[in-house]
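What follows is a short report on a single structure.
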Amino acid sequence: MAVRAAVAGASGYAGGEVLRLLLAHPEVEIGALTANSNAGRPLGALQPHLFPLAGRVLEETTAEALAGHDVVFLALPHGQSAAVAEQLGPDVLVVDMGADFRLKDPADWERFYGSPHAGTWPYGLPELPGGRAALEGSRRIAVPGCYPTAVSLALWPAYAAGLAGPEAVIVAASGTSGAGKNPKTHLLGSEVMGSMSPYGVGGGHRHTPEMIQNLSAAAGEPVAVSFTPTLAPMSRGILATCSAAATPGVTADALRAAYEKAYADEPFVHLLPEGQWPATAAVHGSNSVQVQVAYDAAVGRIIVISAIDNLTKGTAGGAVQSMNIALGLPEELGLPTIGVAP
Amino acid sequence: MAVRAAVAGASGYAGGEVLRLLLAHPEVEIGALTANSNAGRPLGALQPHLFPLAGRVLEETTAEALAGHDVVFLALPHGQSAAVAEQLGPDVLVVDMGADFRLKDPADWERFYGSPHAGTWPYGLPELPGGRAALEGSRRIAVPGCYPTAVSLALWPAYAAGLAGPEAVIVAASGTSGAGKNPKTHLLGSEVMGSMSPYGVGGGHRHTPEMIQNLSAAAGEPVAVSFTPTLAPMSRGILATCSAAATPGVTADALRAAYEKAYADEPFVHLLPEGQWPATAAVHGSNSVQVQVAYDAAVGRIIVISAIDNLTKGTAGGAVQSMNIALGLPEELGLPTIGVAP
Amino acid sequence: MAVRAAVAGASGYAGGEVLRLLLAHPEVEIGALTANSNAGRPLGALQPHLFPLAGRVLEETTAEALAGHDVVFLALPHGQSAAVAEQLGPDVLVVDMGADFRLKDPADWERFYGSPHAGTWPYGLPELPGGRAALEGSRRIAVPGCYPTAVSLALWPAYAAGLAGPEAVIVAASGTSGAGKNPKTHLLGSEVMGSMSPYGVGGGHRHTPEMIQNLSAAAGEPVAVSFTPTLAPMSRGILATCSAAATPGVTADALRAAYEKAYADEPFVHLLPEGQWPATAAVHGSNSVQVQVAYDAAVGRIIVISAIDNLTKGTAGGAVQSMNIALGLPEELGLPTIGVAP
Amino acid sequence: MAVRAAVAGASGYAGGEVLRLLLAHPEVEIGALTANSNAGRPLGALQPHLFPLAGRVLEETTAEALAGHDVVFLALPHGQSAAVAEQLGPDVLVVDMGADFRLKDPADWERFYGSPHAGTWPYGLPELPGGRAALEGSRRIAVPGCYPTAVSLALWPAYAAGLAGPEAVIVAASGTSGAGKNPKTHLLGSEVMGSMSPYGVGGGHRHTPEMIQNLSAAAGEPVAVSFTPTLAPMSRGILATCSAAATPGVTADALRAAYEKAYADEPFVHLLPEGQWPATAAVHGSNSVQVQVAYDAAVGRIIVISAIDNLTKGTAGGAVQSMNIALGLPEELGLPTIGVAP
């Protein structure tokens, strides 16, 4: 019997991506599609790649429209998910692709988002220690941010194995779809093509406390994070370059062994062979993650680099993967593992 | 029972793309993978996106390596397919993604390729009139060129309906993967990013006689083709802008009606709603085709524009679609219809 | 004695480009910079590449602000230039980079722009027959559109020499800066990178009558134009692929000879050696134009391809070149001829 | 009287860029142009943007060809400069854009380059403390590497002011022209467009010891450098994200003050206003550098980000700037300060 799924925020990039994946999911039937300013328009005019849904007209995002589904994906601006979720019954699986329920510490939330904290939901990153158990049977899922997905998968094994010092330095490059389908001047093609630029420098990016939360949990002690995001001239993809001081006695072999152990059985995370480095093109459109590690003896640091597709594993793919776990379906069901390259 | 498929030329772009598709095909089991200069290397080093095959080592392209398969896909430089195909039995389905067996007229072949003609195989463009019938049960398939796929799908309905004059003018923009994985200076990222440039201007491109062949067949009389290909700063995609003088009495409605009729039941070809234009991003990584038509009354011309992914519908997707037909499988089996956008 | 220049619309792409060029012009001193919604902001926040002017604050576009200059460049939305120009005295050189004064036929204007025709000014394309004479001493200049610049320079020599039939078919690819610094969804980097798409298909683009005007003047008889613009994934550049039926008796040599004669003494237009084709990268940021010709004997057509930078030769460079002529300065003064490549 | 300049290695990216700049230099006359495998070909076929030199034929790189010039620019593979320089007299200014004479410590050279050390020449980064004095009157100049230029300009002021701890962590993104005009598969447009990837991870990049040399000199004590370069999908530009632990007592104001002091009188280095961040597009094709600083109190680190054009300030612009100083010409002569944006 099919799982009936609704998508709130179907006209944006996260909404479009979850629909792309759900259309290929053998157990899902697509129900209501809602939007705000685009309500009343056909999806084909807004998401022309979603041919099978081209004629579907977007509804207003209301409790009525979203009622009667087994799963509701929320792709809404932050601050809007709680009000919608409250109106959906406790038996409905609500998968929030926004930020509202990711952080455990209300003070973190308030400092970075400036509004009251809505709560904390089970966290949709199954590869973290205990990650799957937290999702099984859950009816509320907070999908991680795209940067925290890339960074946490890069660094948690080092922290869990006690190989990394308590201060991580992270520089990540993201494709422009990470900034959403927002018609802002600095996101115009003319501005971004041929250009690399940073933003949110100095600790201001809202994904920072989420990384700290994940890495501290893996380490069993507080981890500080220096995070600098940059905008790269590509539509999709995150390349996260993460490093930390190695703890005493770390060797290149021990580092590699920790990652081999962490990811030996993971269906989506690929520790690359030695000598091969991640590239975002290799995971374009897929739920796969590439990871590679290095130990720089000259400076005593470990460097871990990961590549994901920010819209797939970083958002909608992680959401569907978590949905599969919550509903007791095979975790990989309907999810592409192979990137569209070149 | 699974169809066992081999791929000769697995290290290039066409070979990689057919493997991407075959990995998602529920009836196919992947057998031998062969190469020339890359024989002996693991596929993961050459096609890092094909995670499930990362450890597979490429063999030399020999009759022995390719023996014992139900289907053999050839992704070889032109001129090499005939010798390989001869060594495969008549019961093996051989799908040639090269040019060798596309042209019917040996003189055309010799003029454009400068070598003896190897023959003509059933043509792998099922959407052409009679296209499916030619493929059913066949054990030899010549997959069309990427440009002829885009152009023929754009124009054959107009010619079949008698709406277009006998001289077509075509300007097409292609992503750089159309030029293959060839380490040539003019294909470097530094050269192509931020640049548009033409090549093969004035009738010299080898895909020209193939377009003429297809359009003349649809028209029932000789069609002349002025074809100018251009290289666009993107990895994938072809946008073909095709026009011809309208025959007397043509109206915008008649033009649209001809295309609605031609493509009403086609699973992969999408005539867009009026006012919406093709974009290669919408079909990125998919087997879909976007088509739109216009009648310019001021100059008495019809303009038809199509968008395809040159590696998918333009090469490997068309190959798998044709394989499905030849083997009696559902035509859409294993083929993505939804592009990876944005 | 320095020429004192003001720029109205200094926050947009055309305004920024004319400032880039004027800053390198040895005879120009930059005066007032005005804007509409961006008035009151420092230029450095809007045009960060214009370091020497970073601290200059934009004024409102008023007659007072623009008074007291020798030259005023208008980079305004169409329909706004006439009101501004009226308030500037007849001795002030007004260079309009918008469309308002390009067309001679009021009916053309009204059909394509839907408003009353403001008039016709001397046309800023010196390379056209009689082009320089029309500009010498003038105090009003209508800078051509970017597409008409590329297309007219490609085709006028063929028409002037009687080599081209009366129907031109043109497909041009433009970088996204041609669409202006407009925060619209379809111009987002996420949408345009990796994608080619057409717009204004079927004769609707506003630059069409301007091309017809120029080519008909060169031919001495009406020329019809089928024009299809496409958006390419690059910030700058236009590649125009132009063709027409060859008139009887045309040869490849005659065609080439016509272009050699037309451009032998032009400082900015480069007829490329045989075998070499234009590429927009080669003229990036320069006022140069690359042109190449071909005769396709199989279809009896001439093909002429040109490459320009839409913001330089296509807008601001053409404006400065025309200013130089109008003021009696050396035509090339302050203008870059060498593109920034790769 | 004109300075007569030769360029050895004129067919590559560094050679092409230095010619672009020299063509605009009012005191330079361009003499011999030499190459290796491209000797005998016209420059126009290899550097089509250099219109004024299109007909110049490349000579073999020999002492004879390079004799009789005031300045010789060497754009050669590393290891080849010493032999050429020896044959040029001590009065000829030799500007080496390769790596051969940058490092002071022979052991560093041998470890990273695996060949005997050729020596050390005055270092062409005038903005370093004592940088100009070292160049004045010199007849040998080692032009810095592109990454060391970006990184040293980002961090030396912090080290000179005692604000940064002895371990710097640097992640830099470079356009593909930094890898040269080498026809290698991983540099194909198809591979790099839409992709970010690292290389030389873990301390292996050859520019690392050069950064250590510069930063240690500024600090007056050894500085360790963790350097990770990444390849970005753009032709030009480097964005360097540099951080280090702040020394005790550092404040955001003190950090900013140090940079204001360091760069107050620099013609090419622009400390951006607070709130504005570097972008490589803003310096595209120019000799300018954008720098911005931040202090992240939560982790006690300073972050400094710089943007340069790797071919201009990072190679050929730095070379011409240094030549100007060595010859007693105005330092900015002939160098563009304004980027080609968008």
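Going by the order they are written in, the chains are A, B, C and D; count residues from 1 in each one.
Here is the rule we use: a residue touches a chain if its C-beta (ideal position, glycine included) is under 8 Å from a C-beta of that chain, and two chains touch if they have at least 3 such contacts.
Chain labels with UniProt names: A, B, C, D = N-acetyl-gamma-glutamyl-phosphate reductase.
All values reported here derive from a predicted model rather than from experimental measurement.
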item	value
Remotest chain, chain A as reference, centres from CA atoms	C
Between A-C and B-C, the pair joined by more C-beta contacts	B-C
Distance from the mean Cα position of chain C to that of chain B, given in whole angstrom	37
Mean-CA-position distance for chain C and chain A (Å)	44
Junction residues of chain B - those touching two or more other chains	13, 175, 177, 181, 188, 190-191, 193-194, 233-236, 279, 281-282, 284, 342
Chain A-touching residues of chain B, taken from the complex the two chains share	13, 16, 20, 23-24, 42, 44-45, 47-52, 54, 177, 181, 193-194, 235-236, 270, 272-273, 276, 279, 281-286, 288, 290, 336-342
Chain D-touching residues of chain B, taken from the complex the two chains share	13, 175-177, 179, 181-185, 187-194, 233-235
Chain D-facing residues of chain A, complex	167, 169, 171, 173, 175, 188, 190-191, 193-199, 201-203, 224-226, 228, 230, 232-237, 239, 241, 243, 277-282, 284, 292, 294-299, 301, 303, 305, 307, 342
